[in-house]
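Look at the two complexes coming up: subunit A is in both, with subunit B in one and subunit C in the other.
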Partner chain A sequence: MNWLSLIVSLFLTGIAGYFIARIKPSLGAWIAMAASCAALLLVLLGGDALPGGPAWGLIRFEVTPLGWFFSLLIILVFSTNGIGSLAAKGRQHREPVYTMLYLFALAASLGVFAAENWLALFIFWEIAVWSSTFAIGLGNGRKGSVSYFGMSLLGSLMMLFAILAMGSAYQTFQIREALTTALQNPGPALMVFILMLGSSMVKLGIMPFHIWMPPAYTEAPDEFAPALAGGLSKLGAFTAFLVSAYLPISGFMGGSWRVKGLPALSYGLVLLASASIVFGTLMAIRQEDAKKLLAYSSAANGGYIIIGILMGTSMSVSGALVHLLAHALATTTAFSVLAVIVRQTGTSRMDALGGLAHRMPLTFLAFLTAILSLVGLPPMLGFVSKWLILQSLASQGLFLPAAAVVFGSIGSMLYAFRILSTVFLGQLKPRHRALQESSPGVLLSLAILSGATMGLGVYPSGLIQYTAKIEASLGMSETVQTAGLSIRGINGNLNALLIMGAFLIGMVIAGAIFFKAPRSRKVDLMDTYTAGEFIYSPELYHYGTQFAAPFERIYEKLPSISRVYAALASLTDDLGNLVKYLFFSPMPSRTALWISVVTILLIWGEVL
Partner chain B sequence: MMNLNPVLTIALPLILAFTKIMYRRIANLFLIVGSLINIFVVMFLKEGQYLMGGYRPPFGIILQVDTYALYSLLVLNVLFAALMLLVTKKAENLTSSSLIALAALNGLILTGDLFNLFVFLEIATIAALILVSSIKKYHQAFNYMVAGAIGSTFYLLGLGLLYKQYGTLNMARMHELMAASPSGSAVAVILIFIGLAVEIKLMPFSSWAAGVLKNADEWIGPMIGAIYGGVMMIVVGRLFTDIFVMDAKVRLMLSLLTLITLVGGEAAAFQSRKVREVLLYSGVAQAGLEALLILNGYPAIGFILVLSNMTAKYVMFLLAGYMAEEAGGDDFDRLTGVFRSNPVHGFAFTVAGLSLAGLPLFFGFIVKLNLLYNLMLSHSYWLPALILSASLVEGIYMLRMILGLWRLPEGHRGGLQVRILGSSHRRKYAVYTISMVLSLALILFGLAPDNALSIARRARGADTDGKPLVLITMKGGIGQ
Partner chain C sequence: MIAYQSIGTALGMALFAWLMQTGLSGVDRKITARIQKRRGPVWYQNFRDVFKLLNKRSVTHGWIFDLGLLIALAGAIGTAMFMPMAGIIPLQGYDNFFMITYLAALGVFGRALSAGASGNPLAAIGVMRGLTQNIGYKLPYMVLVIVLINYYKTSSISGIAALQQVQGWSVLKMPLGVLVAFISLHGMLGKKPFDTYLAPSEVASGPMVEFGGKYLGLLNIAHEIAVFVEISLFVNLFLGGGATLAEFLLKYMAVYLLSSCLGAVMGRLRVEQVVRFYYKVPIGLTILQVLLFTLLYGGVS
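Moving on to the complex of A and B:
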């Protein structure tokens, strides 16, 4: 088995799946699940020594440690999500074409991660974009798929421009060769770097390119949102790693202006990513809808990843890789849980939910691990990654970005625990009494995801050793070090197992108090009295209702980037209108007039 | 191997057009058989020059079959015959004009004489006018007539000036003379360009196209929007690559016109909310791009761009015509979800649209890739950036339209219950077959484009203006 045959068979299974699902719709989900699980098994067993397979023209594969890491990540997301959505009875999910698009998106992503040259990478990138666009289009809204496609296209055209600029300047499309040649002859190197990183930022949803995320995540079919948020948006990080490893800013802008030891451009981009963290956090706090909240939190988390990549130290790159995995696992879990909730209750608005932990305790536990990891608390993987990134920021004395990271972490407690408590804690709404625990398939997939989040959080050494291998394969001179069970930091080592132990002791004490103390009496939500205010619906009792109302006035004054995009679109519309009015009128005389005017102008220009 | 005379592709349809008058009852048959025989003839054409009436050039009229003409003829005749297979009651009255149109279009591609080209241009325009009047929008047909008349007058005027200066109408001879002393010919070349700009729908000369194509049915849309536009662009490719010699200033001025067309057309398409309107304005924009490439010394890329756009537009106009007919209009809101009940049509339309927008897996992507790469090789970054911005706009409106046509409308569970062509079985399967074959061809050429690319290179030379044509192929990567 090799990479080419893996991808080709995924594509073919997708097409076959479409036809089978047309005959028997329920089989579609099984095919998507089986194919992605088989791919997972294959990639796990084959390891990064899996051969790329024969070259099929431009389409050549080469499995690198970095590519393998990303591939494993995305297959893990796709296969667990496949298991989780087996029982889904959603309309969109039952569409025969969904199976095909799902597997196409997976196969194309695997193509991106193992592509040997930029053209092959771009081709698979675009296939991933349009197949996921159509998959989002199967959902409920109008806006999501179009804004996702529009922004993705902006990103991919930036990338195409950079690829062709490299190809025409250096006569090569080979990934490493093109970038390293650019480093030696930095003609268009700056342009290439900016465009490539821009396209990564679009995919990761970094400000000001984040606008596709909230509509796409909310409108995508519930079963597709985990794959999109956890898996596909990570494509951007892959190219960012490649570009900053082989074409580091310090390489082509070495001597010129430096801020805190970093080239000015790096520092500026790090600041942009920091701004994305702050902004994403502020916006997430404000949301009323759980999916939108997670979308903005993804914009913030993309910031951490980009900071880690741009810093370029061994710790920061490891931190970015770990954060990528942590965020993928956590968002996939969170969106899978939301999918279950939306399927049962029909809403993802936080104030319409509440108390679900009483009905689905196991789902709650999985969600809890995801949220803890997202916030960056031990013993979850998210803690390890934030620790690594903060360590390297601190060691470089980058105060502003470090402040942003800390702000984002504290802010994330505000929004992440809010989603946890508004959805799962508090009192159950009367109409939700009949809710049921998630199906075994969902629980299995949640168990795998949370198990990975917690397992790797407690014992990160193996993972760190692999990120060190990736760093070595990218040609970094220093790699992150582990010592036994702990990771070597700059001002101390991280022993996650020790932390877990401390955590457990705390848990035991808390448990003892909980079990010893007298129990509180359960009161029905509406079984209460009000003082002065008449509360007639369960929503009004919910503290999530209008949670951010006091902040709204502050937010209103913030400049909104989506207004810029809207203005651009309406500008294009106006131009179109003008063109139609001037040049496409139904009056033949106007045409004749234009012909004469242009003729006169052209001949005048010629004679002059 | 048989070697047929290319004049057959012109004479046969003409003869059939006039004999048909005597056999009205089997007019359909004439049309189908005539266009199918033409494909057959084209397949057995050999490259070379064919003298008419035994006069040696530059005195006599010659027909010139080179790779360029040969593959243009092939695509033209196949697309034309496919359209004829969909012949309806309405088209029966148009048999003669369709056959005449075919003869004239073949002639336009083949002729090696500039005045002969004018004659074919006139015949083609008049035939098109009759075809267009079948949609019963007489005001629009009248517009078309006026614009066409102005266009051919300009062409004739320019040609007269050239004849006065150089004393020949033969294309090859004209090129020799012009290359030797190009000064003073600029005004004539500008006039000829404007004359043809009307036909290839460059702004601001293309208001007729909006009127005609907005209301086009499944017959007129592919005919005028795809076939006519494509053939006229092939003529422009012939004249402005092989024959006329322009100085840099004229080239720049004309390029400016094409750039305005590209930008304006995309903006107008972005603003449109009706399927055929989107297609027609995007066609205008594409014409701008094609002409830009031809004028600036990228004729090979221009050539495959013309052929790939022609095929994609053909499929889209065909299906748009049917959709509009069945649903009684073609605004997006009315057609929301139409592909749910017509998935095969939806597939073909989607493939054509994605190819037009230049997305990978489809032929359009390979063309766009090579186009941008060659522009960049000549160290121009502004033009590729502009073209990419235009294709960003194009991608957005194209996908917005396609997604809308697939999306389930609110409240409808099964999608819009408009069956495209539920009535007649023969037509239904003909449309299925044609749109599927053409869209699969776009995928096939997208996956294995190397042959098409090498044909384009052979057709339009590997070297124009000192810029080597470097093709990125699927098989070997970059190659000279």
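Moving on to the complex of A and C:
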């Protein structure tokens, strides 16, 4: 088995899935699930030694440790989401197309991660963008796919321009060769770097390119949102890693101004990513819709990844890789859980929910794992990545980005608690009393994802060693170090197992006191202290709307970037109307006017 | 490998943390009472309270209510197990600042989880207020500590404390920063004027509204251990730790009782006022301090 045949068979399965699902729609989800699980098995067993396969014109594959890591990540997301989507019902009419697009998006992403040259990468990148655009469009609404496609187009154009510039200047499209040649020429190198990083930032949803995320995540079909948020948006990080490894800013702007040891350009971009963290966090806090909240939190988390990549130290790059995985696992879990909730209740508005943990306890536990990882608390994987990134920020003395990261971490407690408290805790609404626990398929996929989040959070050494291998393969002189069970930082060590041990000892002591004390009596949720009020309606007894109102009031006048885009759109619209008014008018007099103007100009040109 | 002896020391540290801080909070009650011209309870009243509460029957609002509380206490005990104190370093080499802060945050999250699961909206409002304030005081505090970590080139708490024994206390290097850190600490301890999330007359003790009997007892234990962690961090990071245990404890008591006395003579701010205050004064002072520090000490190479 090689990479080429893996991708081709995924594409073919997608086409076959289309026809089979047309005959029997319920088989579509099974085919998507089986194909992605088979791919997972192949990539896992084959490891990064899997051969790329024969060249097929420009389409040539080469499996690198970085590409393998990303491939494993995306297949894990797609296969677990495939298992979880088996229970999804009520999409009979779109099942054939959905199955095909799902597998196309997966196959194309695998193509991106193993492409040997930029053109192949771009072709697969576009297939992934187009498949996901149409897949988003299968949901409810048009705005999501339009803004996704619009922003992706911007990103693709930036990338294409950079690729063609490198191709025409250096006569090569080979990924590493093109970038390392560009490194020798400061002029084009700057342009290529900015364009390439720009296209990654669009995909990762970094401010000011984040506007596609909230509508796309909200309107995409519920079973596609996990794949989009957890998997496909990570395509951007892949090219960011490639570009900053082979075309480092310090390489072509080494002699220029430096801030705290970083070239001024890197520092500026790090500040942009920091702004994305702060902005994403603030916006996430004031959302009323759970999916939008997670979308803005993704914009914030993209910031951590970009900061890690741009700092370029062994710890920060490893932190970015781990954060990528942690965020993928956590968002896939969170969106899968929301899919279950939306299927059962018909809404993802947080104030319309509440107390669901009492109806679906296992789903709640999975969601709790994801939320803890998003906040970055031990013993979850999100803690390991935040630790690595914060350690490297502290040792480099980048105080402003460090403040943004700290703000993002603490601020995430507020929105993370909000989503937990308003959706799963608090009062259960009477109309939700008949809700069911998720189906076994969903629970299995949630168990895999949460197990990975917690397992890797407690025992990250293997993962860290693999990130060290990636760093070595990218040509970094220093790689992140592990010693036994602990990660060795520049100014401190982390032993995640020890932390878990201390926590468990605490749990044993707490449990011993708890169970030694007299047993307590279980009371109903409504049986609470109401400060003398008489309240009988659970709907009114749930704190969910405008959750952090005192905090939101401070920044209610925060300018919105989408207004800038809207202004730009209306300007373009006006310009178009002007052109239409002047040149495409049905009035003969205006046409005659232009004919005479053009004639005069022609004669003038001849005479002069 | 971590020796069993270290784990024993770590557990001893957690037990000591609880005993000392519970006793000290009794003294605090006495002092507050005297400031307010009352006699106040005996200093060991808090021990009596906890044991009485643990022996009382109570009501529960479901398994998440129980689980959250266990996470809260486990987080607090786990954090205290790592805390170094005047040369006594329970788990040598692993007393990392970021680790301790995030593990302590797990305890806070557990408390919030339990409060949210009670189904009482007053508890949810209290948690929201607490977490909002948390953004206010943790941000300047952590930025200042990151500056210190960068300066001392270590994020080990005992390492930073030991370096201060040689190079002089951090308070001399960043006086403004220590002022900010103290204001933050005052907020973290939930003392007036920053106790909006407890506000008995507005939100009926906020997160604690549904806790009674053994739940309140466990919460009390978790709270006292968390207070120990917060004050010890402050003493270790800014006041040079202690060459001897007596020195450390003296500084500890001074900080705690200063905070108590200030709390005893102040009124409560409204939640908006707290948030605005934190975003103006401490953050402004932090920016000034970081600039000054970078200018004076180079901070970074």
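The working rule: the second predicted complex is superposed on the first by the 556 of 608 C-alpha atoms of A that agree within 3 Å, B and C clash if a C-alpha of one lies under 4 Å from a C-alpha of the other, contacts with A are read in each partner's own complex, and residues count from 1 in each chain.
Please note the rule applied: a contact is a pair of C-beta atoms (placed from the backbone, for glycine too) under 8 Å apart; a residue touches a chain by one contact, two chains touch by 3 or more.
Not measured: the values here are computed from a predicted model.
**Student:** Output check: A:A472 vs subunit B and subunit C. Expected answer is one of first, second, both, neither. What do you get?
**Tutor:** Touch status of A:A472: no partner.
**Student:** Quick one: is A:G150 in contact with subunit B, with subunit C, with both, or with neither? Answer first, second, both or neither.
**Tutor:** first
**Student:** Once chain A of both complexes is superposed, is A:G167 in touch with subunit B (first), subunit C (second), both, or neither?
**Tutor:** It touches subunit B, and subunit C stays clear.
**Student:** Using the superposition on chain A described above, determine whether A:M413 touches subunit B (first), subunit C (second), both, or neither.
**Tutor:** Only subunit C is touched by A:M413; subunit B is not.
**Student:** Who does A:K580 touch here: subunit B (first), subunit C (second), both, or neither?
**Tutor:** first
**Student:** Once chain A of both complexes is superposed, is A:G57 in touch with subunit B (first), subunit C (second), both, or neither?
**Tutor:** First partner only, subunit B.
**Student:** Of subunit B and subunit C, which one contacts the greater number of residues in subunit A?
**Tutor:** Larger number of subunit A residues touched: C.
**Student:** Quick one: classify A:E126 as touching subunit B (first), subunit C (second), both or neither.
**Tutor:** Only subunit B is touched by A:E126; subunit C is not.
**Student:** Using the touch definition from the top, list the residues of subunit B that touch subunit A in their complex.
**Tutor:** Touching subunit A: residues 139-140, 142-143, 146-147, 150, 154, 186-187, 190-191, 194, 198, 203-211, 249-250, 253-254, 257, 263-265, 267-272, 281, 354, 359-361, 365, 369, 372-373, 376-377, 379, 381, 384-385, 388-389, 391-393, 395-396, 399-400, 403-404, 406-407, 450, 472-478 of subunit B.
**Student:** Using the touch definition up top, name the residues of subunit A that touch subunit B in the complex.
**Tutor:** 57-59, 117, 119, 122-124, 126-127, 130, 133-134, 137, 142, 145-146, 149-150, 153-154, 157, 160-161, 164-165, 167-168, 171, 173, 191, 569, 572-577, 579-580, 582-588, 590-592, 594-595, 598-599, 602-603, 605-607
**Student:** Inside the complex, what are the residues of subunit A that reach subunit C?
**Tutor:** Against subunit C, the touching part of subunit A is residues 260-261, 355, 357-358, 361, 364, 368, 372, 375-378, 383, 386-387, 390-391, 393-397, 399, 402-403, 406-407, 410-411, 413-414, 417-418, 420-422, 425-427, 486, 489, 491-495, 498-499, 502-507, 509-511, 513-514, 517-523, 525-531, 541-543, 547-548, 550-551, 553-554.
**Student:** Over in the complex, which subunit C residues touch subunit A? Could you list them?
**Tutor:** 2, 7, 10-11, 14, 54-64, 66, 69-71, 73-79, 81-82, 91, 93-94, 96-99, 102-103, 105-106, 108-109, 112-113, 116-122, 124-125, 127-129, 131-132, 134-135, 138-139, 142-143, 146-147, 149-150, 153-156, 204, 209-210, 213-215, 217-218, 221, 271-272, 275-276, 279, 290, 294, 299-301
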